[in-house]
Each structure stands twice: as C-alpha cells, then as structure tokens.
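As written, the chains take the letters A, B, C, D and E, and residue 1 is the first residue of each chain.
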C-alpha cells in the first residue's frame, strides 16, 4: 500500500471517527439531556459553558476521575473486556459509511467496501458480546438478566433489520454504500423518490415497500441500540441498571459511549440507506458518478450528511421521551410475529413490483 | 370485589399504534418547541433566581426556636417535639429555671435543644405539636455545613435562626 | 416564740374543753374563740398553742382557722367592724354604709383581697370587713362592732362616736 | 292570752298566731328563768318526763311537725331513724347556725326567749335518749351565745338540766358551741364535722346519715331552733290538736321573715298556709314602697328559686287544679314547692322594679362563692365561676353567651354535690336565668366577645396594654 | 344467677353480674370491666367522695306503694329497674340486690362532662412543664369526657406554686384538684398528718404547716397517688417525660420485704422507681429511702465496666474471656479445701444455685454470705437488709448467714485458705475484713457492680451486674418467691453473675448447657425440693408463696388488713 492511501485513510479516520463521531457522541449526550429537559418543560444542564455545552467535557472528566471500582465477585478479565467489546465495534462500523462525496478525488469514506451493509451488520452484531459478557462477568443477578435479555433482543431484531434492507438492496442492486448514495442523489432518496427515476411509476410504487422497510429498520435500530422504548436490558425499574449495574467510572462510560456511538452509526446507516446520505434533495449540487467536487461543495455534502444524522439522533431522543417502555413479551412478539413477517412480505412485495412494473 | 376494566376496542389503524405514536410525538414535540422558544417557563435558575419572595406562608424550611417580645424563651422543654419527630432528629435536655430568673414562674426550659438537620425531614410535626408556639419551620431552606457536627443545630443557633415572634398567645402571663 | 396565755384564760379554756367529753378536738373552735377574743387575732403561735393543748398537729388547727371567716390571722384595729353585705342588707344600703364608715373612719379598702379581707384605718383604731349575712335581714343595713350588734345603721358618726 | 301586751309599735299583726314568738317583744318580758317560769315555763318538760320517749315521739309525729330549717323534713320521722337497739350514746344538736340570707327568726327566740328553746331541747333529748346536747350557735350571735349560756346555767340551778332531772333519773347536759361564720355549718353533717373540730366538710350520705353515724359516729339528731321550740308547744297542745293548726301536711305555725323592698319588713308568725303572699306583702308588711311595682319574690331564703311577679302558677291536683298569680300563693311548704320554689327557712325577700336583676343575682352568687366549703368539685369551682360571670355582667363586661355559660355552670352543680349547698348555690342562678333571661341578656353586650376579653388580658399581662 | 346467698345481682350497663355483698359500686364496675373515672377514690384510703367524677346513674327495683302489687320479676328473677333522676357516686356506695348501674347514658355523661369542665376551670394548663403529663388522670379523663374547649373566661385563682413541702417533694397548689388523697395517706397510712387544706371554697389550698416538713420516709407515695401534678418528686422533677420511659416490673432489693416495683428507664438510664401493687408484700407503697437508692447504677464513674487482672501489683484492663481463662488457670492449682467462696444474699436463687455448682466443681472448703442487719421501721422496711436471705437458706443451704466469716478470716491468716472467690460482695466495706486480711491470700477473685476496696485487693476483678441489670428469682422475708427482671443493660462488659459463674465452671471443665436464668430455674426446680413443680411462668408478676418462714407481714400491711376487715377501706 502506498503512503498516500495510508495517509488519506488515517486522516479520514481521525477526521471522521475521532473528530466527528466521538464529539458527536458527547454532544448527543448533552442534546439528550437538553432535549429531554425541553420536552419536560425543564432547563437541563446549562451551567458548564455556554448553554451547558461543556457539560459533555465535564462528564468525561468526571468519568475519568471517578474511582474505577471493580467488585470482588466479578470475572475480572471478561469484566474488563466487556466495555471495550461494546465500544469498539460501534466505532468500527463507521468505516464503511460515506460521509461525503468525492472531494478532490478522495471518496469521503474510510473503507469503500462493496459489502457495506453486510459489514455493518456483521460488526455491529459483535456488540452483543460485550453486553452478554458484561452481564455474565458481573456475577450478579440483575446484570445477568440484562445480558440475557440483550442477547435475545439483539438476535431477534437483527433478523428484522437484515430483512428490512433486502428490498432496498433489491432496488439499488448494489451493496456499495457510496454508490447507493450516488444512486439516491440522482434518482431520489429511497423514501422520497421525487426526482430522477424516482418519479416514474415504478419508483413511486417502490416507495411503499421502502417506507415499510424504513419503519422496520428504524424500529429495529432502536432495539439494536437498546434505546427506549426497547431498553429492556438496562431497564432500571426492573433491573436496576441491567448489564452495567456493576460498572462504574470509565468502564461505565464506555458502555455509555458505545450506546451513543451505536446510535450515531445507526443513524448514519439509516441516512445513507433511506435519506440519501450526503446528497441534497432534487439533485442539487449532485456530482456525476466518480466526479470530483470542490472543497466547498464537498464540505456542503459532509455538512448535509451530518445534519441528517443529527436530525435522526434528535428523532431518537424525541422518541425516547415520548414512548413508554415495552414489556419484554410485547417486545418479542413485535419482533418475531409482526416485523419478521412484514419484512418477509415486504421483500416479496418489492420483488413483485420490480418484476411486474418495468 | 374485583373490578373489571373493559379494554377499549381498537380500530384497525389504532391497532397499528402508529397514529398513537405520532400523536404522542406531537405532544412532546409541542412541549419541546414551546420550551425552546421560551414561550413556556417553569424552572427557575437557582441560585441566581430565588423564589424567596413567593414562598408560601406555610413553607416548611428549617425548624427554629423563637422568643417572644421580651426575649423570653417560649420553649418550656415539654419534649413533645422530641416525641413526635419521625426521624428522631430532636434531642432535648430540660432544666429548671433558677428561682431568681425573671421567668422563674415558667419553671422549666430547655437546657440543651439539638436538632440534627441531617436527620430532619422538614415534616413540620414539631411545629404542629408544640403547645407553646415555640418552634416554627422557618423559610430557610439552604441548610449546609461541612461536617456532621455543624449540621446539628444547638439551642443558640436555633434561637439565632428563629428570632423574635410577636403576637402569639402568651400563656405564661401574670393572669393565668 | 410561745404564746403568753394568762392563767385565768387558760383555766377558762380548760373548762371549755370539759364540754367535749368524747373528743378534745371538738374544742378547737371554743379555744380559738377565747384566744381571738383575748389576743384580737389568731397568730401562728396561737395555732401552735392550741395544737399543743388539744394534742393535734398544728396543720389541723390551721385548717380550721383558715376555713372560718370568723377567725382573723392579722391584727384588727381597736374596734373591729363587720358590715353585712348580703342581699337584704345590700338592698337596704350596706355598701353605702361601708363606704361611709370607711370615709369617716379613714379606712382604705383598696388592698382588700380574698385572703386578707380586713382593712385597718391608718390610726389603727378601726378595722372593717364585709361579713356575709348577720341574720337580721329585716332591719338592714346592720353591722357588728366587736360583739355589739347595730341595726338600721344610718348615722355613721353616732355609731363611731360610741367607739372612741 | 288576752293579757299579753306587746311593746308599743311591735304589736303582732292581727293575722298572726303567736306561739313560738309569743314572748317576743312582749311587754315586761326578760330572758330570766323566773319570768319564764312565771309564765308557765318548764311545765311541759315536767309533763313530758312523765311520758315515755316513744309517746313523745308519737305526739310529734302525729302533730306532723316539719323541720323549719329549710328542707321541711318531718321531725318525728327523723327521730324515728335512730337505729333500734342502739348501744352508742345519742346526741342532739340544736342547729342555731341561722345563716340563710333573708332569715332572722332564731335571733329573736334566742335573744328574747332562750328558755323556750332549752325546754324544747330537754323534751326532745328525753324523747331521743340524748344525754348530751349542743346548741351550735353562729358566731355572729355573740350576745345570743351569752344569753343561752346564762339560761342554761339558770336551768341547771333550777334542776331542769344536769343529773337526775326532776327525779326521773334522766341526765342531760346542754352546751353552747359557737361556730365561726361558716354558712356550711348549717348543713347538718357539716355542722357535726365542725363540732368535731374539723373543717366543716359535709359528709357523704350514705353512709354518714346523722341519725345512724353522726357526731363521733354515733346516732345524732340535728334540729332547727324553731323546730325544737315547737316541740314544747306540741306537748302543750297535744299532737292531735296542734296538727289542726295550719293546713294538712303543713301543720302548725311558722315564722315568716320578710325583708327587702317592703315598707315594714319584719317577722310574722302565722299558721302555715293561712296567709297568701299578697296578704303578707300588702297587709302585713305595708306593701311596696311608694310608686314601686313588685318584680320578684324569693320566698324561702336566698337559695330558694325566685318567683317572678307576673308569672302564674298551677297548683293543686286533679279537680282542685287552678291557676293563680303570685299574690294568691299560700305560704306553705307544698304550694311553694308546686310553684317551683320552696318554703325553705321562711325568709321572704321582696324585690321591686327598682332593682337590677343582675345586681341581685350577683349579690347572691357572691354569697355562695364566699360560703362554698370547697370540698367537692362542682360547688367549689362552680360557685366562684358563677360569681365571676355575674361580676362581669354587672360591670357590663359580659357577652350574651356568658349567660348561657352561667346557666350551664349552674346546672353542672345542681344535684352533683355532696350536700344541698350545691342546689342552694345553683338554684338562684338557674331560676333567675329561667325567669329573667331577657333582663340579664340586656345587661350584656355583643362587643364583649370572650376572645376580645382574653386578648385584652393577654396584652395587659404582657405589659403591652 | 345468685346461687350463693352472699352474692348480689347487679345490672351494670344492661348486663347482670354477681358480686359479694358489700362491694362498692366502683369496684363492681371495675370487676365488670367498666372503668368509672375517679380522682379522690383510692382503694387503700378512706372515701370522702369529694371529686364527684365517679357519678353514675343508679336504679333500684321500684317500691310498690301501699295497695299496689310488687312488679313482676322476669324469667331470671329480676324486676325492672326504676332509674333515679339524680346521679350517685360510685366510690362510696355499696351495691344492693337488683341494683342497676349505668356508667353510660346521658345523665352519667353530662355529669362527667360537667365535673371535668369545673375541674379544669381553675386548673392551670401547664401540662408542658408538668411532670405528671402522660400519666395524669385529669388529662386522661379530659380526653374522654372533656369539652375540648374552655368556656372559662375569667381569671384563674392564684395559689402558691413550686412550694417546698418536704425534702423530696415539691407542691404546685394551682394544679391541685383537692382530692385529698395525699392528706388521707399521710393521716391514715404514714401516721404523719402534716398535710392539710387551708382556706376554703375555690381558694382551698393544700399546705403543710409553716415550718413543718413533709419528711416522712413514705412521703413520695403521695406523688404516686396524686392524680395530677400537684405533688412532684424533686428527684424526678424535669428529668424525663413519662412516655419515653420503658417500664420493667421487678422487685426492690434493699431489704427482705421484696417490695414490688416498676423501674422506669430510657436508653439504659434509670430515671425513677415506683411501687407496684402487691397486697401480700407491700400494698401500694414503698419507702423513699429504697425508692431513691438507684442513682449509683447510672453513675458510670463508680461502676466497674471491664474485667481487671492484677499483674505486678497493678490492675490491667482485660478482655472478659481472658479474665475467666486466667482465673480458672489459677484456681486449678489449688488442692481440695484451699478455696473458699463468699457469696451474697443479694444474689438470686439462680445465682446461688450456680454457686453451689461451682462449689462442687472446685471442691470448696467453705461457703458463706455476708449478713446485713438493720432496724425495722414499723411500716415496710424489714430488719434484714439482704433481699434473699431466705433464698440463701433454701438454695445455698447456709442456715446462719455470716456465721463462719470469722473462721474464714482466721483460716486465711493461717494459710489454710489460699484462694477466695468473693461473689457480688465487698468484704472490706461490709463484712469487717481488712486489706491486710486479704493480703494473705494467694488468689482473690471478686465480682461486683462498683469499684470497691475488696476489688482493689483482688487478682481478678469481674464487673457483675447489679439488681436492675439481671433477671432471676428471690425469696422474701415471708417466704414469697418473686421475680427480678432485667430493666437495663449493664455497662461495658458487665455480665449477670450467673453468667460469670457459668463461664468459670465451663472454663474449669464442666459444661452445663445453661443459656439463661430460666434454664437455671428449671434445674433448680428439679433439684431443690421446695421448688418442686414450679415453672418460671408460675411465679407471675405477683410472686408465689414458696415456703413458710414464720415471719410476720410488715406492720403496715397488718394495719391495712385490719382496716379492710373493719370496712374502712376496700383494700
């Protein structure tokens, strides 16, 4: 490999993973608290820095300085490993998400794989190990229950998650996320096929399965990231804090960050698959396939991507403070009985549309 | 007797829950917007903003002992507050008022009167039970200290907080 | 301090005690009457003397002394006046009589209380108190000056003149 | 008896029937035994001592003599309460503690006719078998006590008292015992306690009925002066004959003492029930003062319930039932009881329209508050409380609901005390409120809310006002 | 119902009961489970009937007028009752056949309300500073029968307050409700008539004669019987509100009378002691001297709190198990007959029984206790100032307490006795030993509640619980077995003496499986013939007659029984 590739990749990793995602994690924690406060007619953290923006920093410092307490009864190796196992895969998945167009001949994606979604699912599934390990290694009943719940929940919803994007892949005929975005930029976003080919009968008809897919995908994403209304693994009314009950300090912070990172990546994927990634609507400022764009346009594209992601994160937060938590049996029923069936039917529906409507 | 609650029969679109969810989102969204635009303001910025001026008459802050117009201790150490206090925060040691004292007629006063403010739950039972109108929950709510000892209010401190209260019934006067 | 009881008085008292063959204690009232008659009032010494005489606890004598308005524990004036204040006499003007006597004899009754009902004139000549019904309601207002009974007292000057 | 002449200006009213008061204000009469014997004195004692005690008691019973002290209890029946087969000594006490305001009959008997009393007592003692008798005379009669002691000495010298009287082998000693100014000593058990040298706290009945457990826990008979005097006259007339005077069940003569707002207050011995209130006030006492109207009458000493002048009373039973006004009330025990009051000790206090009812009630309450012995709770606390309330009413410092409190206090005393003093002190208040509530309330003011009074006191006490 | 001729049928609140002839109405009601409120009435004193609180409605069978037929009795033989319009006092009236009593109903209720209101009219409302608050009849009955609000707008009567009437008693005349219980007690029971009423009416004032003192040794009983806070104890004044205190029923150990008492304590401190009724032992009374002799228990300065072991002539603090181990190690060295024990007649039967066990374990030469004699006081105090001499006779088998102590002294001097165990006694202060005497010993062990000269001389000192800190049984002068109950915990490592002896026996090699005083009592009851068949529960709070000692009842009790027989009091 040449030095250029290495340099470019490193810069992209640093730029994207460490300068965008991680701050975004911190900021989304802040946003979560501020938004929840606003929804509940409160103020929220507003003391540290302007609008409390430095609250995230303060939290970080606090996590770092707190006593890192390891209970005596835990399996220490696994116990220590678990937080890393949740944090790392979440961050890893960002490698294949295109966060911008082809700026100055450099694709704004860390690794331009042709199996993007598969890679994401494969890696993201690993986070469940972290949670299961945390639950089991804690050697304590609530974390254990949390871990068990987490496992079955993740496995259940991973199926729906996978099935829900099959129609998209069928439509796009593509697994490269960069090209999927490019396609949407030209022919209308998956759920907003309002320009290009999207405006054809086929495109509009396809919007129906895509919309169903979108709902299943989003919902499953909530379940996958253990967000409310599906946060049963850490459901505090029943399990104190679920799998991370026994964790404190930075180890707890890693779970915490992992959750938010997963949420961001999930949002990124959703944006990429359904909302046209970095593209602007109606084909504005859309480069041709492989066309280099200038720095200015490139920055706009990056900005658009993050704006969409942030919007999606806000939606996550909004949902969290609007809906009550599911009961565990409801959760399982929803996953296996409804979403699984609907997703399967959706695939068939898409196939039918693709086959019948030319 | 068991009460049977009839479940509402849901229409098919209601069974989807999506409209319900949307409705919920609208509600929370409205709150969000309202708060964000400052149309609605509930929370107060303590300590820059304080509600002291608007504290209700019956606000239950730190309990304190009061004296009357003539600097007389109203408390006669009957120990009813000690008895009623749910968290047992009050400890009183009564003593006899020496006969040469101006208020010797009352005979009894607290030798020591301690309220452990770490224990105090501001329930106001002491005020309610006091037959002498000697203990009141003041509007002080910022009770802080850097040690446990400091958080125990002794008699001196309690009178300091309480101050003088006028216009109360004088039970121990010359006529009675 | 013991009471100086003249032998004659003591003899008289001893005679009185024989009127009560069953219980000496019964003689408390007569003994106190004699002592009050002689000394003008019942002092603590008189109480103790009586108690010793009748073999009682002094408190049992004091109980009796303080019960009866007829016994005085403070010295009266040379002449002790008792004015009836009960209904018939009051209707006949005994309150006015009291005022008039007080005024003419120079007695200030403002300090009179339940425990100390007797007011003495400045010169110590007269003392006065209100008495409850003297049982001569048809001839009110009435008063007793020492042991002398006066009915329909109208002329206070004439009354006081008799006692100089 | 046509030869009896009375002092000028003190002649009895023609409607009077003098027996006990025969010698009161009599011309040429003095207290000496010689005078008494010359008038036929001590003959009845001689007569009685020839009878058996039971015969005497039967005579008294036949006569229907009712006690003249206040309660009107038949004397013969009282004597009959002495336990049979009694081995303890029996005492007789003459209750000369005349303290009921409005009553002043005993004073004249004792001061002017002491031997009559001694003779009556001698007869009674013989009947009940008492060898030791006391005359409990009130302290306010110092002269009376001296007169009685002298009379006893004389009777002793003549052999009417002492050992082996008149050769019958009957011994009797009578001693005079002076009280010390306590109304409660008029109550028989209070009197007994006083005579024992204790505080005159009335005893509880049961078990301390004087006839069974009286003086020194021995059987004791306590009778009023007038009652004991009547015994002599019953001996003289014979029980049967005596009972024909007066009215059935209200036999004999009795002395009515009238005081208050009449022209000529005084004492009148009349046959019981033969004189009405109107006759007593208008004829015998010369009526009310000029231009005055009758407001109220207290017919039997201050503890009797008051009668309002414009009331009407229902008396009689069945066919005899009739409605009368105050002037037509015959002065006997039963009628006055039917009118809601009592004949009591015969002290009639007349109140005319110049008097303030609050003032009258306050005066009476003052008396009872002063005289309450303080033994039992209701009377001890209640009598002073009532006085304090009426004090304020008179001063115009009471509110209308104070009158209700006053009434409630009185009713809390009535019937709940050890002795009859409770009733004596509460009846005036109860009856005055019953009959003159409008007038009492008129003396109060809505402004004097209790709260206000208290608040003023608080401030005053705290030195702030 | 009334089959026996001396039983009388009485209807109380609509229910027929039978009572012996001569029962007072108030007692009949009490036995029927109806409390009639009262102040002046006290079963041990004469009844003046002056408080008027016990007014009830009474009814009798109607008396037929001449010519009328008597009323028909119903199937139970009861005739309908005609109720009297006026109330009567229940305390002084005795029941009569077919009498009816109503303790409820309008008349009784209005009477009670009325009397309560009047009673409170001049009573100062100073409950907050009144020691009686919490056990005050006036408070109790005003809750039940009071109006809740005063109509009294006048100035209350002023009377002396805070009067020193005696060395141990304070009088507040304004609180006095003139029930005269105290006067009657001093007249009738204490034979020291120093109290009386002065003045009259509402101004009636309880007083002692100026210059006299109410200093009878029984004066504090007036505080107990005072239904209000007029008489209060100087010792207990303002010390503690009664509702905070724990009550423990136990017995007094100051003399062989074994007065039944209640110990009032809070947080391990004893605040006061009051007598408890037991008509076989002390009636309702107890002497002041005994009542007030508890203060040393609270005084931690004088108490032994931790075991001490003497090393090189100096006492060193030790752990309890350490001290026991050391003691047993020393004791094992002696031959038979070289060890003596002095136990105490202040020990319980259980402890004495354990002493017997220890004796056989150690092969002890001699065992004795210290005798304490004093003067009897013609009331309740016995001349034997040890509480359990009868127990020493019965359980320990020492028939003549203290007789062999002189011999012991000699044996110590001659070296015959090398080791001495002094249990719950102080030989130097109480038995005429000197420190020199004890110096001859090779080993001396004492257990005692307080520091004392004998302990100074001892090699091992163990803190032994005092009477208020232990449980057990004692036998009083008249042979009555009574229970002693633990009122407070001993300070520090203080243990009950039976525990100390048990641990010593165990350490010396004799296991015994004893875990509580009741365990010992079980063995005691099985082994000592006098106790045969008794269980801990059989003894009860009032004790049970165990043996005949031939001793007479205390004089006060004899007098009281005579008064009961004469009908003067209820008893």
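Assume a contact is a pair of C-beta atoms (placed from the backbone, for glycine too) under 8 Å apart; a residue touches a chain by one contact, two chains touch by 3 or more.
Given the structure is predicted, the values throughout are model-derived calculations rather than measurements.
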Central chain, going by Cα centroids? E
Ranking chain pairs by how many C-beta pairs touch, which one is first? C-D
Using mean C-alpha positions as chain centres, tell me how far chain C is from chain D in Å, no decimals. 24
Euclidean distance of C-alpha centroids - chain A vs chain E, Å: 81
Separation of chain B from chain C, taking each centre as the mean of its C-alpha atoms, in whole Å: 64
Between chain A and chain C, what is the separation of their C-alpha centroids in Å? 112
So which bits of chain E are touching at least two other chains? 155, 197, 199-200, 203
Multi-chain contacts only, two chains or more: what residues does chain D have there? 182, 199, 370-371, 373, 457
Could you tell me which residues belong to chain A and also touch two or more other chains? none
Spell out the residues on chain C that touch chain E in their complex, using ranges where they run on. 44, 47, 57-60, 62-63, 66-67, 114-115
Within their complex, chain E touches chain D through residues 47-53, 55, 86-87, 89, 92-93, 111, 114-115, 117-119, 121-122, 151-155, 157, 177-178, 197, 199-204
For the complex, give me every residue of chain D touching chain C. 89, 98-104, 106-107, 132, 138-143, 175, 177-183, 194-200, 215-216, 257-261, 265-267, 302, 347, 349, 351, 355, 360, 363-364, 366-367, 370-371, 373
Chain E residues touching chain C in their complex are 193-200, 203, 207-210, 212
Please give the residue numbers of chain C that touch chain D in the complex, ascending. 19-30, 32-33, 54, 56, 60, 63-64, 67-71, 82, 85-88, 90-92, 131-140, 144, 147, 149
